[in-house]
Each structure stands twice: as C-alpha cells, then as structure tokens.
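Labels run A, B, C, D, E and F following the written order; every chain starts at residue 1.
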Amino acid sequence: DFLHALGEVRPAFGASTDDLERCRLNGIVDCGERHQHIYRRTMLLAEQVKVSRGSPLITCLLEGPSGSGKTAMAATVGIESDFPYVKIISAETMIGLSESSKCAQIVKVFEDAYKSPLSIVVLDGIERLLEYVAIGPRFSNLISQTLLVLLKRLPPKGKKILVIGTTSEAGFLDSVGLCDAFSVTYHVPTLKTEDAKKVLQQLNVFSNDDVDSAAEALNDMPIKKLYMVVEMAAQGEHGGTAEAIYSGKEKIQISHFYDCLQDIARY
Amino acid sequence: DFLHALGEVRPAFGASTDDLERCRLNGIVDCGERHQHIYRRTMLLAEQVKVSRGSPLITCLLEGPSGSGKTAMAATVGIESDFPYVKIISAETMIGLSESSKCAQIVKVFEDAYKSPLSIVVLDGIERLLEYVAIGPRFSNLISQTLLVLLKRLPPKGKKILVIGTTSEAGFLDSVGLCDAFSVTYHVPTLKTEDAKKVLQQLNVFSNDDVDSAAEALNDMPIKKLYMVVEMAAQGEHGGTAEAIYSGKEKIQISHFYDCLQDIARY
Amino acid sequence: DFLHALGEVRPAFGASTDDLERCRLNGIVDCGERHQHIYRRTMLLAEQVKVSRGSPLITCLLEGPSGSGKTAMAATVGIESDFPYVKIISAETMIGLSESSKCAQIVKVFEDAYKSPLSIVVLDGIERLLEYVAIGPRFSNLISQTLLVLLKRLPPKGKKILVIGTTSEAGFLDSVGLCDAFSVTYHVPTLKTEDAKKVLQQLNVFSNDDVDSAAEALNDMPIKKLYMVVEMAAQGEHGGTAEAIYSGKEKIQISHFYDCLQDIARY
Amino acid sequence: DFLHALGEVRPAFGASTDDLERCRLNGIVDCGERHQHIYRRTMLLAEQVKVSRGSPLITCLLEGPSGSGKTAMAATVGIESDFPYVKIISAETMIGLSESSKCAQIVKVFEDAYKSPLSIVVLDGIERLLEYVAIGPRFSNLISQTLLVLLKRLPPKGKKILVIGTTSEAGFLDSVGLCDAFSVTYHVPTLKTEDAKKVLQQLNVFSNDDVDSAAEALNDMPIKKLYMVVEMAAQGEHGGTAEAIYSGKEKIQISHFYDCLQDIARY
Amino acid sequence: DFLHALGEVRPAFGASTDDLERCRLNGIVDCGERHQHIYRRTMLLAEQVKVSRGSPLITCLLEGPSGSGKTAMAATVGIESDFPYVKIISAETMIGLSESSKCAQIVKVFEDAYKSPLSIVVLDGIERLLEYVAIGPRFSNLISQTLLVLLKRLPPKGKKILVIGTTSEAGFLDSVGLCDAFSVTYHVPTLKTEDAKKVLQQLNVFSNDDVDSAAEALNDMPIKKLYMVVEMAAQGEHGGTAEAIYSGKEKIQISHFYDCLQDIARY
Amino acid sequence: DFLHALGEVRPAFGASTDDLERCRLNGIVDCGERHQHIYRRTMLLAEQVKVSRGSPLITCLLEGPSGSGKTAMAATVGIESDFPYVKIISAETMIGLSESSKCAQIVKVFEDAYKSPLSIVVLDGIERLLEYVAIGPRFSNLISQTLLVLLKRLPPKGKKILVIGTTSEAGFLDSVGLCDAFSVTYHVPTLKTEDAKKVLQQLNVFSNDDVDSAAEALNDMPIKKLYMVVEMAAQGEHGGTAEAIYSGKEKIQISHFYDCLQDIARY
C-alpha cells in the first residue's frame, strides 16, 4: 500500500502535488516492515480525525535521525489522505524572516486550515522552525509558544484537522514540552542490514556477489544517506561511470564504495 | 451534584455559555471521589466570596497533570456559580501577541470584572500565559508580575471576585512565587484504576469481561488521554469500526486497545 | 496606643485617609507585644525626623513573611503621624507600566514630598516594585538603582522626610544592597500561639473550649492568613453558616476549622 | 589642619560652595590620625598636579565602608584646594537617566574641566554611577568604559586635573579594572574605640562616666552611623528629650543608647 | 593535476577570476599527497553534481587549522571546475553589516546561483560569517539558521549546485549542527616534515645543507605560516637581504631563520 | 637607535606628529636590552612590509602590563618608519560612541590607509576598543569581528600595510582569537632592577648612595609607574620641593620615596 503512494497522487488544495512530490525526490521504495507500520498507523489517524465525534484535532509526531524519511512519509500521507486541504510548513520558505513574521505565517496556515472541513498540516523540521541550535541552547520561544498553543487549540465547530510534525531533535522538543503536546509519536528509524538489502536490490547497482556485503556496510544508515553514497560510488574513482551503472551496463566497484562510505562517515 | 452541571447552564455575562461549554468537549462524567471533593470545595469558595465581609478577593489554584480535567472543572464552576460575570483568560486567544498586549488584555478582563458585583475570572493554563518553557527556564516576567499584583489587588469597594487559576506546571509556578499568591491550591489528579473503571462503565464500549483489565491498564491516566485512547481503539486495527462501537453494536478489541495504549504512552 | 489608631485618623495631604484605611481591611487588633514594640519604635522615628537637626532623612524597613501585617502597620504610622504629606507607593497602581514609567512615578512622589516640610513615603512591597522573581533572579535594576539613590538623597534645606519600606523578601533586598540602604530594619513576625489566642478572643468565633486548641493550631501563622482561615471555617462544611457565626449565634466547628487549615497549608 | 577646613571655604567655579558643604552635613570633627593622614596625602596630590611637568592628570581613589566619610573628605579637599574648577559627579543628579545620558553628563564635566587650567573632578559613589548591583553582578559597561578612558585621557596641553573617586565597593571596582586605573588608592576606615571617644568628647552628649563604655560599643562604626545612633538615643525612650540633651541640660541614658545601637546593627 | 591549476584559469560568471586568484596569493605549490587527495575528491564532487539525477545539491566542508590552505583549495576548485557560476561568500565584504544584511547577501548569492544550470558557492570562513567568538560562545544564530536551511534546500528543477564550506573551527561548527549539514567533510592538514621539505625545495631559499633541518623545524606548520616565516628570515637580521635571497644570490641564514620561527611561534 | 627616535620626527600624513608625540609624554629613555630588542624587530617588520612581494599585510601585537611602554613604542615606530600614512586608533577619541559608530571609524581608518602605498595603523589598547570588562566577560563582538576580519583582509593590489596592536589584556585577546590573528607578538616587560637603575641614572634625582636601593625597590615596575612615583617623591613630605629636585639642587629623600611607593602599590 505505502509503495503505491507514488503512483496515485490527487490534487490538493493547500499544497500543490508538486510541492509534496518535491519532498520525496528519490521516490518511495520499500524500506522494510518498521517504516510500513508507521505509515499505516499515521493513515489510520487521518481516518480517525475524519470520523471522530470528540476529537476534532489529532496531532502526531514523526521523529528520527536526519534523512530517515520523515518528511517523505508525511508528504505521502498528505498525498494519500484525500483531504481537501494539505499544507507543509517548513523553514525553507521563511529564510531570514523575523520570529514574528514566521509566527504569523504559521498561524495563517492554521487559520486557512480551519476553513476546510478536513485538513492536514505538516510542521516539517520543527527544530528548524524553532531556530534551534544546541549551544545554549537557543531557540525561538515565540514560535515554540505558538506551536504549543496551536497543537491544543480546537478548530471551530464542524472542522477537523490532523497535524503531523517531523523532527530530528526529539530530545530538544521534549525539553520544551513539545513532545507531550502531540497525541502520538512514532520513531522513524535508520535502515537495518536487511532493510538496506531490500533497497539495494530495488536499485540494482551492485553485482549479486556484492549486495550482501554492501548491505552489511550500510547497517544503521538513514535511507537518504544511502542514496548519496550509492551515487558517489556510481561516479567511479576517476569519474565518468555513473551513466553506465544506472543503465545497468556496469556495476559499482565494491572497494570504491567502501572509500565513499568512509568519506561520508568521517564525522 | 458535580454531574448535574452539564444539564443546567445559565447565560453568563463575561463568557458566553458556549465558550465555557467548549472547555469540556467530552462532557462531565463521574471521575471518582477526589474529583468531586475538589469541585465541592471550589463551589464553597464561590459562596464564601459572595457572603464575605473581609475578603472581597479569593483566589484558588487547580494544579495537576496535563489532561486531568482542570479546565473543564473551572469552567463547570463558572457555569454553576450563577455569578453575573464569568470570564476565561487563555493563551489561545492571544497567539503571537507581544507580552505587553497580553498583559493589557489580562488587565482589561480584571477591570471589567471590577464593574460587576460578583465575578469569576479563570486564568487558564497559567504556564502558557507566562510563555513558560523549561529550558532556561524562560517566561514573561512582565506577565508574571502582572498576575502577582492582580492576585493581591483588592477590587473596588462593594465588588467581589473569585479568581481560579489552572496549571500543569505547579513546580514552575511555585518557583516564581505564584503558588503562594493563591489563597488555596487543589491538586486535580489522574484516574486510579477504580476511577477509570467508573468512567469506562459510563462509556460502555468494552465487553463486560474486558472492563476490568482495561481499567487496570488505564491506571494513572488523565481523563483526557483516556478519551483519546478509547477513540483510537474504537477505530479498529484497519479502521471503520468506530460507528458500530459507539452505537453499541460492537465492542472494542482488548488487544488492539493495548496496542493503542502503547502508541500513546511511548513518550 | 497602637490599638487606638483605628479610631483617630486625620486627613492627609498625600494619600486620602481612605487609601491608607484600605491597607488594613481587617482593622487593627492586638497582635501581641512584638508587633506593638515595632509600632512604637517606628512612631519614634517619625518624631525624630521632626525634631532632628542633622538627619533630614530617616529610612526604616519593615520586613517579614507575607501577611504578617507590614503594610497595615506602615499605613497606621502614616495615619497616626500627623504629617502633612503621607503617600504610599505600590505596584498595584503601576500594573503593566514600563520600568522607566514606574521609575518616573516613584521619583515624582519624592519630588512632591520634598515640597512639604514633613513627609512620610511608604515604599510598599519593594520586591514587587522591583519586579522581582526568584528565578534568575530577575528584577528591574533601573528601579533598584533609583531606590538606592532616593534612600540616600537629602531633601532640600528645611524639608524632612521619613521613608518606610515594606518587603516579604528581605533576603533578596539584602543581596541588592537595599537593606543596608535603610537606617533601621524591623522584623514583623508571624503570630505565636499566645498572640493567636489574643486575636481569637477578640474575634469571638470559637467556643471557649476550642480557643486554646485553635490557637495552638495557628502557631506561626501570619495575621492575614488567620483571617482567611477563620472566614473559610465560618462558612461551614456545606456553606451558609457565616452569618450565624459572626452574629455570635453559633460557633465554628473545630473539626471543619482543621480541614480548612489544611487546604490553606497544603503548599 | 584638616579641622580648619570647615571655617575657610572659598567660592569655587564648578560647584557652588553650597553643593560641597551639603556633602558634610554633620560638619568635620577630628576622627583620629588615620583620617587625617589620608586627608593630608590627598591635599599633596592636589599640589603635585599643580606643579607637575610630566603628569597633567593625577587620579586618586578613596574607598571604604559606607558612611566612613569619603564623600565629606573629597568635598573638603575640593573646598580647601583653591582650584578654580571643582565639580562633583554623583548619581543623585542623574536619577532615571539612560546610560548614555549619564555618560554624556560625565563627559561634559570633564570637557568643562579641560577648559580650566586647574580642576578637581569628584566621581562620587562610583558603584552607583555604574548602576552596580551585586546580583549577576550587573552594571553599566558603557559608563565603566567611559570612566576607564577618562581616567587615562590626558587633558589638553597646559591644563591639569585631579580626579578623586569614592566608592564603598572596592572589590567590584577592582574586578572591572577601575582600581588599577587610579594612580593611588586610600582606604578610609571605620572608627576604632579611641577615634569614637574623641568624637564623643567633641559632641558632649554623654555623662563623663558613660563616654568610655559608649565609645567601646561604637568600635568599628563608620562616623556617619555614629551620628545616627547618637541622635536616636538623644530622642529618649518615649521621645521629646533631644532638645534638652543637645543644649547640654541632660545626658543620654546609656541603656537606651545600647537599645538604639541594636536596632541599627540588626542587619 | 592540482599543480596545473595555476596556469589554466577560465573566466567565471559569479566571481571574476581575479577574485578567485586573490585567494591564493602565494600561488599553488605541491604540498604533498594528502592535499592532493582532497583536491581530487572535491573535483569529483563537482563532476557528480553535474551528472547526478537525484542529488541536485551536494555540499562539502573543508576544515583544518588556520592557514592550512582551505580557501586557496576551494578557489582552485572553483577556477578548475569550469562551472558558469562560481561565487565566494566571505566576511571580508560584509564588515560592519548587521546580521540581517549579511543574511540577505548570503541568500542573494544562492538565489543568483539558482538561476545558473551549474553553480559553485564557496562559504569561506564560516566561523567568521557566523561572527563566532569562543567566549560564551557567541555567534549569529540568524546566520547559522540561514546556512542550515540553505545547505538542505533543493535548487529549482533543472538547476544544480555544489556548496564548498571552509572553516578553521570545526568543533564549533559541529556543535551548532553545521558539520552534519554537509554531505562530506575533508580535513586539510598542516605540513609534515616531508611536505615542508618539498615546498622548501620549490622555493629554493636555503642552502642544500640547511633544507633538511629547516623542514624539520617546520613540522606541523600550516603552509601560509611557512611563507611568512621564510619571508621574515629572508629579510636578514638587520634588514635588506630579501632581494639577494629571492634572486638566488644569497641563502637564508639558518640561525636567523630559527629566531624568526620563535617570534612566530611565541603564542 | 631607539633612543634617537625622540629627536628626529618627520611629518606624517595620517597622524600629526603632535598626536604621536603625545603618546610618549615622558619622552623615551633607555629601558634596557629587552625593550630595545622589541623595538628593533618591529622596525624590521616595517621594512619587510615595504619590500615584500607576497605579504602586503603584516600584523604585530605588543602586549604587556599596563604602563610598560607599548603605546610609546608603537608611536615611536610610527614616527621613525617614514611611512606616508601613520594613524593611531584609540578609545580616547571614541568615548560614548555606539559600537557601530566605533566600528565605522575603525573601518574608515583602514580604508584611508588602503589609499596610501605604505601605511601603519596602530590599534592602541585593543581591550578598550573592544569595551572589554573582566566580569562576564563582556566586550563588543561587533568590534572584535571587525578587527578579526581587518587583520586578515588584504589591501588592494599595490598597497601595503603594517598593523601594530597594543594590549595589556593578552589573555582576553587570546580567548577571542585575536592573538592568533596577528602574525607576530612581542611581550613588552616591566623593568628589572638593572633596567630601573639605568632609568634612574638618566633622571638623576637620587643621591648616588640611594640609586641602588631605589632601583631595587622598583624591581618589576612598569616604566610609566616609575615616573609617577618619582614625581610624588620629588614633591616632598610637606610639598614644595619638586622644583629644587628637578633642577638638581636637592635629592629625593629615600624614606619618603619608600612611602610613596607603598601608596602606589597598595592595590
């Protein structure tokens, strides 16, 4: 089911399908049972909000390491949910704005959502929305207070809303009370060896002999980094082999793959 | 008595009955003796302020974990008290305002209250009014000073006022001296197994065989979370069963109920 | 003598008698020898400033726990002193003002006082004037510097002034150097059992059998809280008995009194 | 010599003699050898600056406990020095001003001084000029930087200036580098028993039998507090005896004197 | 290959070749295998971004001690890459600007880059762009948030971009999460004895007998400091010998070279 | 050579000779070998910048205790260097300015310098330019960032610049990374006994018998404080002997000299 998402997108009012699609640039591949479970439960929440009598507001947090697929999953739920209003709030469209302008934009999205009978609002990369930095730590309390209130404030009578948050800094969110503000929280994990193997088989860039050792080396890697290191390796030691590899004519040299893996893991 | 509150609301000048009702979206069920005791004592304070000669200002703090029913109880006292002016001050209507605007709005409500012979002002979610965040900690000293003064300032001659505060951060309020500023404080608790059982029996969504184990599993849960997890469970593992369960045709599957409980308790 | 204060108030230029009276809403009862001693010494300072050649400015701090009677005592000195200018500076009339506006208002009162040959200025609740909060701690340095200077600045030739400060946060005032800025400091205490007994006898709301145990239970209580708990108890367990008790027809039930005491002492 | 200061004041350009006189409201009595030594050395610095070829700027800090006589001594040097420009910079005339306004006023005084061939500038109560408070600690860095530069900046060719600073917070001044910024520093002490005795003999308010024990009790008291406690005691236990005592008709009761001493020393 | 860079520069749209050349004032000499390896890998990333399907944005951080050659290397990649848009963002052109102006300038460069099909943006001296200072530490969170977002934000469809960052404060960048924001990180090292020897042989300013001991003394020196100390030494103890040494007529006196080395290493 | 500086000053474009001269009010005497060594090395840097091909910017820091002669030495290099543009940047001319105005003035001096083929810029008392205070510590990060960039930014093609910084707070400068920003650093020391003796002999104010013990007592004194204490002592215990001593008619009394030394060393 999760994997069918890619094919069947429908126009959304809040965000153009394009915007949502842009959130999963490498598409959606099967990343193993744990990813699928989270996807199914989040889709259930979308249904619950639709039929609920006593909970016109349900909130759900997807947290996990950077690149583990949180944004892509939230976007997929948005696309698949069939809700008339789906909107992503992200720091990317608010670079350089003052705290209060950001705040106003966030509130605006919720106000718009309150006008639709059914809405999904994605708070993408909450640590970045809060301008969080570990030193201090520093962050915008204005924005964090705004989110704390918005995550509790009921929509007007007859309106219903599902809020999906994503973050790679669950510890920080917890310390400002934002984790408790969500009804449910799911941990989106890195890939285990067997998940990585599944993905590599779908990509088909290693020789059959190398897939197992490559997957082993990728244990505990987020799906997004897996894509990066595979592409680096496809390039070849002296460049120029990417074409041949993606077209299936050649396979990635496992030793060069290990080198690239090291460059990426250095920090 | 507490339970009769739902049925007999009267028009209030400060807050429309609608506003107050919106604070108890899931209605009022019998949550056990401890909840009822607090309700009765708070109603007595309302009477005391009415007949008092030397105390034209009485202040009462309801504190307890998030979702334990503080706001719903304060709203119920407001509705039942029969006072001509009842007003709820909450962060929800002040999102994004500057500290001083919030301050002005709060003062305005008190000034309005001073014009009525008898008033109830609910300071709902004081930690949120103060823009409190645990890191630092940070909060608005402007607003905390304002509350400290308002909680001591006598109304004009002949006017009387009951202030009810609610908070889920009693420790913080204590550290800024706000707990001491209230005449009395009551702790609104989570549900114990026997309280939860009472509530489940009223909801009637479990088979008789499952009620006891469900109540056991809900020990120490706030009433609001109980509603959330019951609704999630009513949805069914694959969605679509909510209708049947609320209409009494089916009962919640206890195993799925445990799963939902885990999702909610993960953090 | 202290007890005669209530009856013989004279019009004051700075503050209307009404304002000063409002500071002792429950009147003045005999609270025991220690309260009386402080009252007499403060009255002596008023006389000293009147006849002094070398000290046109005398400053006195009344400190002690919240509700111990500091403000009521300062107001009583103001009323009894017979000085043409008596003024109370309190945070209550400056809610929401900026630091610098508060500062200007404080300076204004002193400038006015400098125009009168003899003045009393009461700085009431200095910790609140300074917007003090224990976390941090935070406070207004602008206002604390202003007070530090005003407490040392001599009035113009021929003018004399007595400044009485009150505070329930002597430790904080000490740490900002404000205690040392006062010529003398008196500690206004809570009531001991024998003081409480004296007060209860004057109030006459307990049966003779209960007065001793009630007074015992009130040991170490500030006078203001004593009034609150007596009033709560007079209400009765189910409300409605206050009238009968204050008119002397009934007495307070000692067991209900203990219950009320617990509600108040919970924090 | 020091004691002759009182009688022979000359008009000064910067500060009216009145302003300087107001700094020693209780006159100048003989406080013992240590006070006199400091006075003589400071007068020598005034002469040095007058005749110096290589040091057109000399700076001297008088530090010591509050009330030990620093301001009175600086004023006396200003009066006795015979310099055409003498000016006192004190926080008293700058209440409520912003840091930068204070800064501008301070600079203005120096600029004025630079126009006179010989000037004395008294920076009185530097900790107050810097808005110092021990918590934090907090202070105005703008003003401290200004003083640090002014204490080193040479006057224009041909002009000479002596800067006298006073402070009761030498430790703080040291920590911001201001002590090192002065050429010399003198510690103005409290009175020892023999100094106090000398002063009491001059005041002549005790019976001969009591002078010794009174002086003993005053050991380690600053001269200013000595004046306060003597005046309180002169008042008598029930007020009204001051006149008689200052006119020599009666003497202070030693037991009442001890009581007053305790009130003052309580903190 | 790396060494050929100097000779074959091509006009760039974003930055004039002059600007890029100015970043390697002492030219490019062979600094040993480790420098060359990093150069080759960074050039490969430029090629990857060119041919990539799934990664229109690749980011690479060069970190290492001050003067180790990071900026010169980034400039060389920019020159050699043949990309139509190459731009260096450095604190040098933004002295004294406010945080938000700096922020706007940085965003502007990226917006410009998004218009070119292929771009390289060099964030040079990121710690300086962030106004980092170790005390506190302090830095501009506005700019760090901007970089965090820009390092993740995809360029518009069809555009590709390589971002090269340089820093000598990798620890700080790590603590604000900026290291993790880069796809790959390379450490640009100081010279080891054998690297230094290679460089000295190319410079040809020591007699053959001295090269080895000079190189030994230069162990662990950054390439930029090597140039400085050689030039100081070429000056001679009494000045005036630089010409003769650079023209090859004389050689540097090894003992004077040691003296200069000490001056430079004193801190 | 260093000593000849006094006599042979030439007009400079940036700073009038007068300004530079004012920095060495007590002239330049021989302070021993260590002072001379630093002076010679700094003069060599001036020559290096003149003839250098690869280093159009050289930066040198003079650090040492207050009064050790750093400013006087920098001024002397400026005067002796013969460079067409010599300018001193000091906090004295920027009292009370905002951080950004100071910043602008500093940048202006560098921009002016960039117009001259050869320039010397003296950053005098960098800790004061940065508004440094040890408590906190506090300082202007705006100015420190500006200096960090200016100390690295190359002048335009064909222009050359020597920057000399002075500071008595090397530890602080180190902690903000400013020490590393200078190419070389020299420590300007206090006087040792033998240095002090040399200076005293040149001043000729002690009898031959006393010179040795006086010099001994002056061990570890900065040259500037030596001048101060000698002048105080020349004054005599009762004033008035300065003239006679400087004209050689009398000698300083060694015992009075010791007294003055104590006054100065008290802190």
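Note that in this section contacts are C-beta pairs under 8 Å (C-beta built on N, C-alpha and C of every residue); 3 or more make two chains touch, one makes a residue touch a chain.
Remember, predicted model here, so these are calculated numbers, not experimental data.
Student: Between chain C and chain E, how many steps is the shortest route if every step has to go to a touching chain?
Tutor: When the steps are counted carefully, the minimum from chain C to chain E is 3.
Student: Any idea what the CA-fit rotation angle from chain A to chain E is, to the nearest 5 degrees?
Tutor: Answer in degrees: 60, to the nearest 5.
Student: If you average the CA coordinates per chain, which chain's centre is most distant from that of chain A?
Tutor: When every chain centre is compared against chain A, the largest gap points to D.
Student: So chain E and chain F: same face meeting same face, with over half the numbers shared, or different?
Tutor: different
Student: Name the chain whose C-alpha centroid is farthest from the C-alpha centroid of chain F.
Tutor: In terms of C-alpha centroids, the chain at the greatest distance from chain F is B.
Student: In angstrom, rounded to a whole number, how far apart do the mean CA points of chain D and chain F lie?
Tutor: About 35 Å, centre to centre.
Student: Hey, how far is the Cα centre of chain D from the one of chain E, in Å?
Tutor: Measuring from centre to centre gives 60 Å for this pair.
Student: Distance between chain B and chain F based on Cα centroids, please, to the nearest Å.
Tutor: 70
Student: Return the residues of chain D touching two or more other chains; collapse runs of consecutive numbers into ranges.
Tutor: Within chain D, no residue contacts more than one other chain.
Student: Please list every chain around the ring, with chain B first and chain C second.
Tutor: Listed round the ring from chain B, with chain C adjacent next, the chains are B, C, D, F, E, A.
Student: Tell me, which parts of chain B touch chain C in their complex?
Tutor: Interface residues on chain B, with respect to chain C: 41, 44, 47-48, 51-55, 100, 103-104, 107, 137, 139, 141-142, 144-146, 148-150, 152-154, 174-177, 179-180, 183-187.
Student: In the complex of these two chains, what residues of chain D are touching chain C?
Tutor: For this pair, the touching residues of chain D are 22, 25-26, 66, 91-92, 95-96, 128, 131, 133-135, 138, 227-228, 231-232, 235, 239-240, 242-243, 246, 263-264, 266-267.
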